[in-house]
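What follows is one structure encoded as structure tokens, with my remarks underneath.
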């Protein structure tokens, strides 16, 4: 499998993203866990909703960042978090950028620039998407815990899951979620 | 379950959309079929990609239409197509609008106006989303057929699945897909 | 899909009922939930067993009522309970009656009369089946809770799930079940 | 686990029958195969429908036979057909009778007499249920084959799956099914 | 299905072992439970690791015993524990030996001798494999309990699940596991 | 998650290997695909059987190689084949070796030496295991194709799946399998 040649190729390959379960849940015993596609939709929806409350944000671009942020997992896989410790620094990021370029080859270069912006995480838009990426993780953890599904307590203890981007509505949602679940955000 | 009161309520309830399988596939024997969330993501991605090729289209609004177009299924269910014959004219549309209003109660009225625009289907943006809704259906059918999963032939025979919206890049994709699968679009 | 023309058509279509999961469990995170067919079998078995203890009951007819009580979901879907709030009064009942007539077209009109009797719920036989429909729901909730599967507590709080039909062996079973699970029946 | 002591015990234990997949399908690669409960419901429905067309049949008793015919699999398991070759003659039947007696202990002895009648297979009612047990098997095989699910061709070649009970409506259905699937009944 | 004739037949038939779920978990509501193949791999791995710590043990033969210990379930099924009460004494053992002989027909008689040694359970090697068979059961129970999956408490109360073979590293692991889970081994 | 400290830690962590589906099947639409554990068991069984036919082979060590060959996927994931193109040369091998060392930390260094021997692939034992790794892949592909499950044709066209190790019984099995499936081995 090399670079996609037509939009039809792209759209067809992307259908398979639905079959990639999020590895963090798989490895902790969640039955029938969320797919990468499902995760992506929720992040996107949250970015869209929250974007309206953030003056100065380019909401349309933030939505686009969310749209492309996890596509590369189609070819690189949704590596378990532990994998990061065993690969050379930066190898995963480079692999994802290369995979994305081939998956989205027929698309204007815009998609790749968006992906790079997301990876760098410097702009407000990228920071919002990255924060929502974690917020959605913790929302799903809360839902799975209410369903009695999986051993997920350690997610609440990991400061990486509670980024502190200084974006007030996101900060508030993290606080509200922890309160509703009777949890405390870990010290970062 | 009444109207959601906070954004946190909205985001949590929406997580459950991942557990609603698309009924058309369920009833035709597809194993582990697409969820409503997955369908929605793909429609949205296609709208985003194709929107760039459509001069005069408000791409950001088209993306928003895609974002809300199926949310009501959370509370109304993904009714099988046959159900439409047994309910009074318009009952399903009215039910979806009412459900959406309660699901998205904490959101500005914009979400409901978008949903109404989608249901009416009059604007170019709504027509694009509706066409992509069917295009994604047929893409997934093609994927499932390549996987040997489900009895899906009748989808190719139903003219409703091949809308003729006069939007060139969409028309082209329908034609390309049918050609690649060795099928012919049914006469509308 | 229109009216079935032969018994063979009926029997084949009904096989698909096995793939329709009960929506109340799906939406509350039960993994691999009961199908409509499974629910129907249990209701029927309970009606058969309890029917023997009810003097004056036409047990054979009660069994028949149980047999047809949920078939229409094949074409109407197993709508989530919330859907009832968004459809016009009576629309669901009318849709189910119409769907049943088409599903069971080759059968003598008896099937439709049974279904109507069930929907009206006036006879002792219909009241027994309706009570067992809920009793089976709560039995399954108890089983799923013992398995740690799903967020089902709200079922115990809904008086609709504990009908008070004045049929002593059913009343007793509701009481025994609640006692065994350490629950209290909600005030009706 | 010994004999059930109350009806509540019986009803609760029976819920688990939904988790026992039919082994014949499991071993031939059908994804998400029918449960024993689902099989039982379909047999029962067919017996009810066909019973009306059989003068001289005690339809209510035939329905009862169908109701109990596979319950013992709760404790004995749904043994693969091959298992029959490795157990002593009659061991499976005896085990099922013993298991049924304990599962249904709180029920009047009627249930056990029905089960014995089914196992003996001498009465018209028992012959009808046994024939429907196989007819339902082949109906499901036809459905799974239409879905592209599993390697099921050998079922069509096994004369045991096409009993010749001389019950005209059943014989007709076997013939119609084979014709519709383009198959030939194996010589018995 | 009779005796396999070639190694290719053996290897192909064994692939199906992956679809046989362990019945003890199925019947207690574990979602997506372990297959017989998975159980076998873990037993084998533990025997290999522990074998090194047991002076006088023929480690290679112990590994071989583990390799064949559950293969017969391919044709006999993974009978629920309750089934043992309803079959004649020794019937299950005899059935498994007969099935194994046919499954592994193209293999040198060694395989059957190993299986007999395992069933007799007299040698140190067989006793180690039998102890690991239970140790793995309880490890998996502990994992499923940590995941909130299934009603498994009774496993901790059954002395049969805690054999006392006098093999120090195994005894230690049983003790460590119980301690970690806050359980007490039942008196044997 | 760092290095395991006790054997109990190792055995518990390894249970999770059962939840890691083989990515090649997932991405090609196989329903309920083989886990890494299941794959490993089959490779091991084949190595054991074939090892007996190979004079000069250290069969016990070959079995050990098979036992450890895929364990690292617990922490690195079962990366899709495409991932190999996007990571630096050798990164995956290095990651797997590092992960294995931590997973099996309480085991004597033997396990790590075995893993290194497998990765180098120079000895007869390692070559046998590597060949069986692919042979099992193609056996499963053949089984899934007979079940109508997944789009797997491309596996037959990839020479990497048909290694030519010059080990006669393995070569013969590849030839027999291709013949039985009506396929031709691709030119290497």
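A, B, C, D, E and F label the chains in the order they appear, each numbered from 1.
We adopt the following convention: contacts are C-beta pairs under 8 Å (C-beta built on N, C-alpha and C of every residue); 3 or more make two chains touch, one makes a residue touch a chain.
Please read all numbers here as calculations on a predicted model, not as lab measurements.
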item: Neighbouring chains common to chain C and chain D, by label; value: B, E
item: Identity of the chain that, by mean CA position, is farthest from chain A; value: D
item: Chain of greatest Cα-centre distance to chain F; value: C
item: CA centroid of chain A to CA centroid of chain B, Å; value: 23
item: Centroid distance [mean C-alpha coordinates] between chain F and chain A, Å; value: 30
item: Centre distance in Å when chain D and chain F are each reduced to the mean of their C-alpha atoms; value: 41
item: Of all residues in chain C, the ones touching two or more other chains; value: 16, 19, 29, 31-32, 143, 148-149
item: Topology of the chain contact graph, where touching chains are joined (line, ring, star, complete, other); value: other
item: Chains grouped in pairs wherever the two touch, ordered by label; value: A-B, A-C, A-E, A-F, B-C, B-D, B-F, C-D, C-E, D-E, D-F, E-F
item: Complex contact set, residues of chain F against chain E; value: 6-8, 10-12, 14-16, 18-19, 32, 34-35, 37-38, 40-42, 44-46, 48-50, 52, 59-60, 63-64, 67, 107-108, 110, 136, 139-140, 142-143, 169, 173, 176-177, 180
item: Residues of chain B touching chain D in the complex; value: 28-32, 148-151
item: Complex contact set, residues of chain D against chain B; value: 31-32, 143-144, 146-149
item: Residues of chain C defined as touching chain B within the complex; value: 1, 16, 19-20, 23, 26-27, 29, 75-80, 82-83, 85-88, 91, 94-96, 98-99
